Amino acid sequence: MKYTKRIDGRKFDELRAMKAEVGVVKNAVGSARFQIGKTVAIAAVYGPKDLFPKFLQKPQSARLRCNYNMMAFSGSGERVRPGANRRSKEISMVIEKAFEPVLDLSEFPKAVVDVYIELIQTDAGTRCAGICAASLALADAGFDMKDLVCAVSCGLVGDQVVVDLDKPEEDFEGGAVDIPIAMLPRTGEITLLQLDGEISKEDLKKAIEAGKEACKKIYEVQKAALRAKYAQEVVA
Amino acid sequence: MSKLVIEERQVVIPGDTLAEGMDFLPGKGAFREGDNIISSRLGITNVSGRIVNVNALSGRYIPRRDDVVIGYVKDMSYSSWFVDVGCAYEASLSMKEATADFIERGSSLSDYFGIGEIILTRISNVTKEGNIDLTMKAPGLRKLHGGKIIEITPSKIPRVVGKQGSMISLIKDKTGCSIFAGQNGRIWIRGANPEAEKLATEAIQLINDKAHTSGLTERVGAFLEQHALEMQK
Amino acid sequence: MMVSRDYIESVIAKQMRIDGRKFDEYRKIEIEYGVSSKSAEGSARVKIGDTEVVAGVKLELGSPFSDKPGEGSIMVNVELLPLSSPLFESGPPSIDAIELSRVTDRGIRESKAIDFKKLCVREGEKVWLIFIDIYPINAGGNLFDACGLVALAALRDAVFPKLDGDKIDYHVKTKTKVPLTKLPISCTVWKVNNELIVDPCLEEEMASNARLSVVYTEAGEICAMQKGGDSPLTSEEIAQILDLAEIKSQELRRHFK
């Protein structure tokens, strides 16, 4: 089906409005909030600390453990039953893998670093918003990382390649393909890639390229948020 | 042509280019990629000769040999104590390193250091695997009685101490508190009354929040001056 | 800050608190509505000093209890997220989370702040169920009062979704407010070193060995209580706590004006 105009009026390569803030959970070692459109994610980092049971320990570095969760009221329809489910466990795992290539935890063998990601409100793109928040929180916590990680969903709505699908677009009656990607902004390498739907190889390549361009814009927002925390205020 | 892209004491974030060309070397918090030196952390730059470092502005304590730290006694075995020094691993204090006294076979270790007690101690050894040994055998190391402990980002302790201890002396003078700053970010404060301790706490918190800025000594001095007056009223 | 119990007690003994407040003084309170207005039927955020909690209200249709065929119901659930404190762990709800949930639930239920009869859709068949889910974002002491306040704030913000026969259309909200007729306010008084304080910071909370939560309605009726901690309270102390909590609950209620 033809998709000639986006439901919320954006251009096809336009992201929703973004807002990022670092240091939002005082108790945590590092934390951040990332909002894109109406999707709001908070991430907090704790550790490194002892890891039990022992068989989970890695001898050469700390283990990164991510925990993605949607608050019970944050869904688009009915209440989400609290607690982990198959979906949240899989998402937590792919988020961990999205950070493996950049995060250097070799200074903390056998320990664990916990990243908790909570969604307060959702309008699609939750795992990507979670990754953007977690990336800021890990940097805020002072861990060595080769790069930040930027993530966005791209894909197809009807016959049109778009970036940053919202919920109405995911549910488009003419069909939609959702492709969450995470990218390392300096090298352009991809660390998360999933796809839901049906798409031609040509369109897929176009969508990923559009997603990568979108990630560069996210990167700018993330950098600004990190620098804002330490912006030197003018001393009167 | 090699050149620095950043200034000294500039806040940088992971992925920022710090220097171009082969004349510079990556130090702490930095790595080389092709011709460039890149920052691997959120921190503040420090160039020493050809080496470009990024000092962290956050994060938990990373234990180093000879650091003097403040620890909480967590547990004990037949022959040693286990101490929380605020890092990823528990440290251990052996009987031999704990006291010059002769401890008789079978006597209770809690007569010396009990669970929950606070000690000023020194890290005598750290292994890559995270084994940390402590010692009490050096001047000044002891159990800390009374007072309170506040925790700040460990990498900011040098700012709290200041050049030749100037900053910490300033706070001690203006508040009349006894203060020990452990390298692990824990600071012990004991003063004549809770108000004095609160003032010292706030001054240290100010340093923690503004450690990346310049003119910190003047700022803290002014802060203490202003509040010391209020306290006298 | 890591201060020992002895230190907290010594400061309290000098008739002071570590952050300079008076015994009966709350930290700064902020209430914000609609923090999840796209997803939840009602939502709010409450900050008390460093403590921050969010809550969301979801409405569902269900069958009534057989003994109350014409009444809907509420369900309060507090989850102590490990995101909000190094002291909380992942896994099934801890006993602390369950206690917080139940005390918050009781204050709303027993005060009859919600008119359950107005939640009836078809007697004996379909009624509205109100789910209130509460999450700390940063746990810095006094979660009891924070949870009580945020639950009320989220309820005040809540409207019914559109009903299409027996199906709820969550994308369309009506203008009908959830029938909240009273504002039951929880005030928890903590005993530290034989003195009574309100709104403890985390360290004070850990140094306390007895507490009493009292929920007052605006008419001055007490609708729920919960004593916690290992130590007993004397009748005199309970009388003092009731007086203090009454004054403080009136003060807290002003945040809803």
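A few remarks follow.
By written order: A, B and C. Residues from 1 in each chain.
Heads up, the rule we're going with is that a residue touches a chain if its C-beta (ideal position, glycine included) is under 8 Å from a C-beta of that chain, and two chains touch if they have at least 3 such contacts.
Treat the numbers as computed from the prediction; the structure is a model and nothing was measured.
Under the stated contact rule, the graph of chain-to-chain touches is complete, every pair of chains being in contact. In this structure, the chain pairs A-C and B-C differ in their number of contacting C-beta pairs, and the larger number is found at A-C. Centre-to-centre spacing of chain A and chain C amounts to 32 Å, using the average Cα coordinate of each chain.
A straight line joining the Cα centres of chain B and chain C is 38 Å long. Remark: chain B residues 11, 13-15, 29, 31, 38, 40-43, 56-60, 62, 87-90, 128-130, 155, 212-213, 215, 219 touch chain A in the complex. Contact residues of chain A toward chain C in the complex are 24-28, 38, 40, 42-44, 46, 67, 69, 71-79, 82-83, 114, 116-118, 120-123. Residues of chain C that touch chain A in their complex: 35-41, 43, 50, 54-58, 60, 77, 79, 81-86, 90, 92, 131, 133, 135, 137-140, 168, 170-171.
Of all residues in chain A, those touching chain B in their complex are 29-30, 47-50, 59, 62, 102, 104, 107-111, 139-148, 185-186, 223, 226-227, 230, 232-233, 235. Against chain B, the residues of chain C that register as touching in their complex are 1-4, 6-7, 10-11, 14, 16, 18-20.
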